[in-house]
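Once you scroll down, you'll see the structures, which are given as structure tokens.
Presented sequentially are two complexes of chain A, the first with chain B as partner and the second with chain C.
== the complex of A and B ==
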């Protein structure tokens, strides 16, 4: 049984309960009073990809719309601007709930596959944990070629002038593509991340079992 | 007053009056034109020395009538307090120097203004006499409380503790009212997190233990006669016996009923026993006594429940209540907690369109959310029984899902309050005013049973405002009904919860006590509280037209056996509406009459038509417009020197003869300033400004007969806050008059 199916069975018809127990800060969702201030404050609300502003996401959770919420790209659109948190009269940690939901959907494997912010987040993470430093050249290349080779070339061409400018200003080293520099104690970083993951897995397993 | 009338005029030179005005000329005007026997000026009239001067003149010169030319009549009332004498005030400070620029060009018109006010003051004082007080006082200090619910019991206890005996009449066989049927109440103390004990048992015990409170159970008020301080009340008990009580003031705390849920079949009421109203749920909770609540249909524990807010309320279709009862959101939150506190696993959903939680309800709401009560913004379309459960079909307003459904064991309808206010005495006589929305079911259904059985010509119960709620001045005097000495409290006055009802009862009890004391002293109740004048009628001149009896907003005038008006002074609020209404002008007060105002109008010096100095008469309501004008003066908001302002008790007291006289005398315009009327009225005398305006709407004919432009008379709605607005309106009107040209009546 997939992780998603497992959870769906476990919580049957109470998605709210599932969110409360499984999602970081999910216990706050019930406290929303549906005033809509968060939605009105959210800068990404003007973006067409933002199908459900926070207020709606919270209502959907209460209405048990599990599938729709978890597969929605909405949580991935949050820019962490914290406007909503600052303004929510009920003091909900909205930004954190948004990220909590995104993370939960990702863990269950139901998050929208090629959603750009999700894709970028993954690229960034893999890039960064590898050497302990972000390799900016590889990171941007990875992003350019997200939608295939020819689109990648097109994106690269579009940014050509910027790249040349950076080269001239010695802010870009093309040899970084081959290896690149690393942090001093790469093994230490890896060990630290491994430990952190262990702790996290343990905590989540405990929560899922609860 | 003695026959020897001696009038003295005093002109103050303080507060800059002496610098801005030629006060010697004013003294001269008082003497020569005002024809007062004595006229003096003083540097600082409200000082001990100034007051001493006046007192000395009263004592040794035999002065009976005092005209003070100084500040507004609303200022220095304690200094210029001469209860034995008739007193008139010419407003030279707020009304003249403070609203005129201190410039050379303005000097002449400012002085003219001041001189006119002196002429007016002298004319007024001569038409006045010191009010002697209403001789027809009562002696009863007892308070009658009708209704033994929380409001009524609170009122009874408050009055008793203040030292007033109470007679409490309760229709049913026990005290407690609706509150006694509740399991718990909405909390009123910190931390507002859980339902609290109703406290009714304790309240009942206190009432029963109080030797000062006489309780009649299974009893109704069969007859109420008299006036404040001397009501004679007959109390009929179920056994058939009738008791008589002498009563000083009355508190009507007859409460409300839940709106009849049988009118909501679409919400499943009557179709399934598992659809209940809030009262029904309280009964279930009481039966459960803290244990699990059981489904009425099959006695099995409730596992899920939905609360439908605004059931039959805030209804725009005209079928149900159009208003919000205000307490039911909090009540549903409380009831949802009954379930959650017993068993957190029970699904409780509150379906609302707007959740309204007054008082400290916000904390209570939050607490319910913490306990896991789900709140969904949705409009319920129907509730249909589906086998063992119920399906609630609603439009989810956040997700815009019109087909949203909820499957539950029990549905609770929040149906709201319908007042028990007795007979709607105006239902037949008065067609609905224009623009007033349809009253809905509650209004159509007149309740035929009177509560007070008043032996008033105007009908057996207190007048209602809307939807059956009793009328009271919502903004300023929420407890005062249109029947002096009778106060309505609790949900009969407006929808409310227990906490509000208790507050209401406490406030109204104090007002009732004031009414009792005022009635004893022969003085008016609010808003002219303490006023000793009262209407006197010259019956020889009365044509029995009944205008006064019909128009008196307070039901103060009955008819005697010869069909002449019979004034009940203690019921009277001294608004003067009767005086304004009387076509033969036989009604007057000692200090306010057709003559006191009429002679002021005539006293103004009208410059000829070539002078380019128009004269505009302003009759300003003393409750809002006149204070607003005074405050405009304090802020030095200037206005035209062409106006002459006379305060009136109410627009309702304005007799059309004043306007006709003014126009005939050559005034170029007349402005009337009164409070807002209609449904959201602000008139201190409730109907006064409305009646006055109605009367004055007929003035157009008079203007036509005189061949004058209709703009020569203008009606302005003024609120006490219009401090900037009123001067602007005056100036605009003055410009309009200049534009229209002078009145052709100057030369006559």
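== the complex of A and C ==
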């Protein structure tokens, strides 16, 4: 059984309970009073493309719409602007719940496949933990080549002026491709992150088993 | 001995040849004038920024920050951590708060840190450079070294999100923070009022969803122009890059004629303190700032 099916079975009577136990800050969802301030404050709301603003997502969680929530691209559009958090009358850590939901859907493998921010987030994390420091050039290259080689060249060309500007200002270093900045204790960093991931998974499994 | 000493967390974007290297150049010059000593935390690592949640999850994200806390405690005992990047500051402060709040998270964090031969005793304070300037040095100390006031120049102080929310600078209002305007005025410039001061530029979505982020950036730049600003000033490397480097693409898309320099507060201060264009990192502007260069000391 897939990780997703396992969780769906375990929590079949309550998606809210699943969110409370498995999602970062999920225990806050029940505190929402549906006032809509977060939705009105969210910058992604001003432009088309935002499927469900936070208020709606929280309502859907309570209504048990598991599939619809976890496969939604909405959480991935959060820009981490924290507008919602500072305005919520109930003090919900909305930004973190949105991030937590995205992470949960991503781990279960049900988040939308080619969602660009999901793709970018994965690249970013891998890039940053590989050497302990972000390599901006490899990061952009990875992003441009998401949809294959020829599309990558096209994307790169579209960004040519931006890149040239940075290059001239000495804010982009072509030699980053062959190394770049790094931490000395990379082994320590890798070991510590592996342990952290194990511990986190263990705690979540314990909750699901209880 | 320097007046104040801090454990410095520069962040990836401020490294040599990276997108905010000119920020670091100007911070170094500014700190020298103000007699503030910043010592890099040895072997510091990236915090994974605000986008780290998706692949990293909760504990690994806090552990990344915790490693920096442990290194600062070990090598620079008793010093507050100071960050120049708004996202580094926010991420680190968030981790500090969560770890101090939850004994379970702290216990797991210690266990993970052991793998890197480290541990935490007491997490140092985590400050943004702007807090250090305002709270530890104070406005009088910031205006005292001004030699070349930026008289007659009009700036739009673009505060953006992450130095303002959710923590903010003490005493400030989320909807209309004044600290950046005050910094501009302290060095003799004029801060124009405009309505996009705390609008989000799209953050990391500038990379993954450029159309959405550029629509936000367009609103910000347009409003700065409409209110008579000649330059934009920011406290955050990603805000700076986002608002500066996509102006050309926005012009193509919307038929606008944007060409407005976007600077860091530390560049204004360095110039006002008598620093050269080079010391202020003005050679690092993608959109040059000739009016500031004209005031900068020749060296």
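As a convention for this text, the second predicted complex is superposed on the first by the 207 of 210 C-alpha atoms of A that agree within 3 Å, B and C clash if a C-alpha of one lies under 4 Å from a C-alpha of the other, contacts with A are read in each partner's own complex, and residues count from 1 in each chain.
By our rule, contacts are C-beta pairs under 8 Å (C-beta built on N, C-alpha and C of every residue); 3 or more make two chains touch, one makes a residue touch a chain.
The shown structure was predicted, so the numbers you read here are calculated from the model rather than taken from an experiment.
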| item | value |
| --- | --- |
| Touching partner for A:34 - first (chain B), second (chain C), both, neither | first |
| Chain B versus chain C as contact partner of A:16, first or second or both or neither | first |
| Superposition-derived comparison: chain B or chain C, residues of chain A touched | C |
| Which of chain B and chain C A:62 touches, first, second, both or neither | first |
| First, second, both or neither for A:86, with chain B first and chain C second | second |
| First, second, both or neither for A:195, with chain B first and chain C second | second |
| Touching partner for A:70 - first (chain B), second (chain C), both, neither | neither |
| Partner chain in contact with A:185 - chain B first, chain C second, else both or neither | second |
| Touched partner set for A:97, first chain B, second chain C, both or neither | neither |
| Partner chain A, residues of chain B touching it in the complex | 355, 365-366, 369-370, 372, 374-377, 396, 398-399, 401, 404 |
| Chain A - residues contacting chain C, complex | 24, 43-44, 46-47, 49, 76-77, 79-83, 85-87, 95-96, 99-100, 102-103, 106-107, 116-122, 124-126, 128-129, 132-134, 136, 140, 143, 161-162, 165-166, 168-173, 175-176, 181, 183-185, 188-189, 191-197, 199-200, 203 |
| Chain B partner contacts - residues on chain A that touch it in the complex | 16, 30-31, 33-34, 55-56, 59-60, 62-63, 65, 90 |
| Sites on chain C touched by chain A in the complex | 12-13, 15-22, 43-46, 48-60, 62-64, 67, 104, 108-109, 111-118, 161-162, 165-166, 174, 199-200, 202-205, 207-209, 212-213, 215-216, 245-246, 248-249, 283-286 |
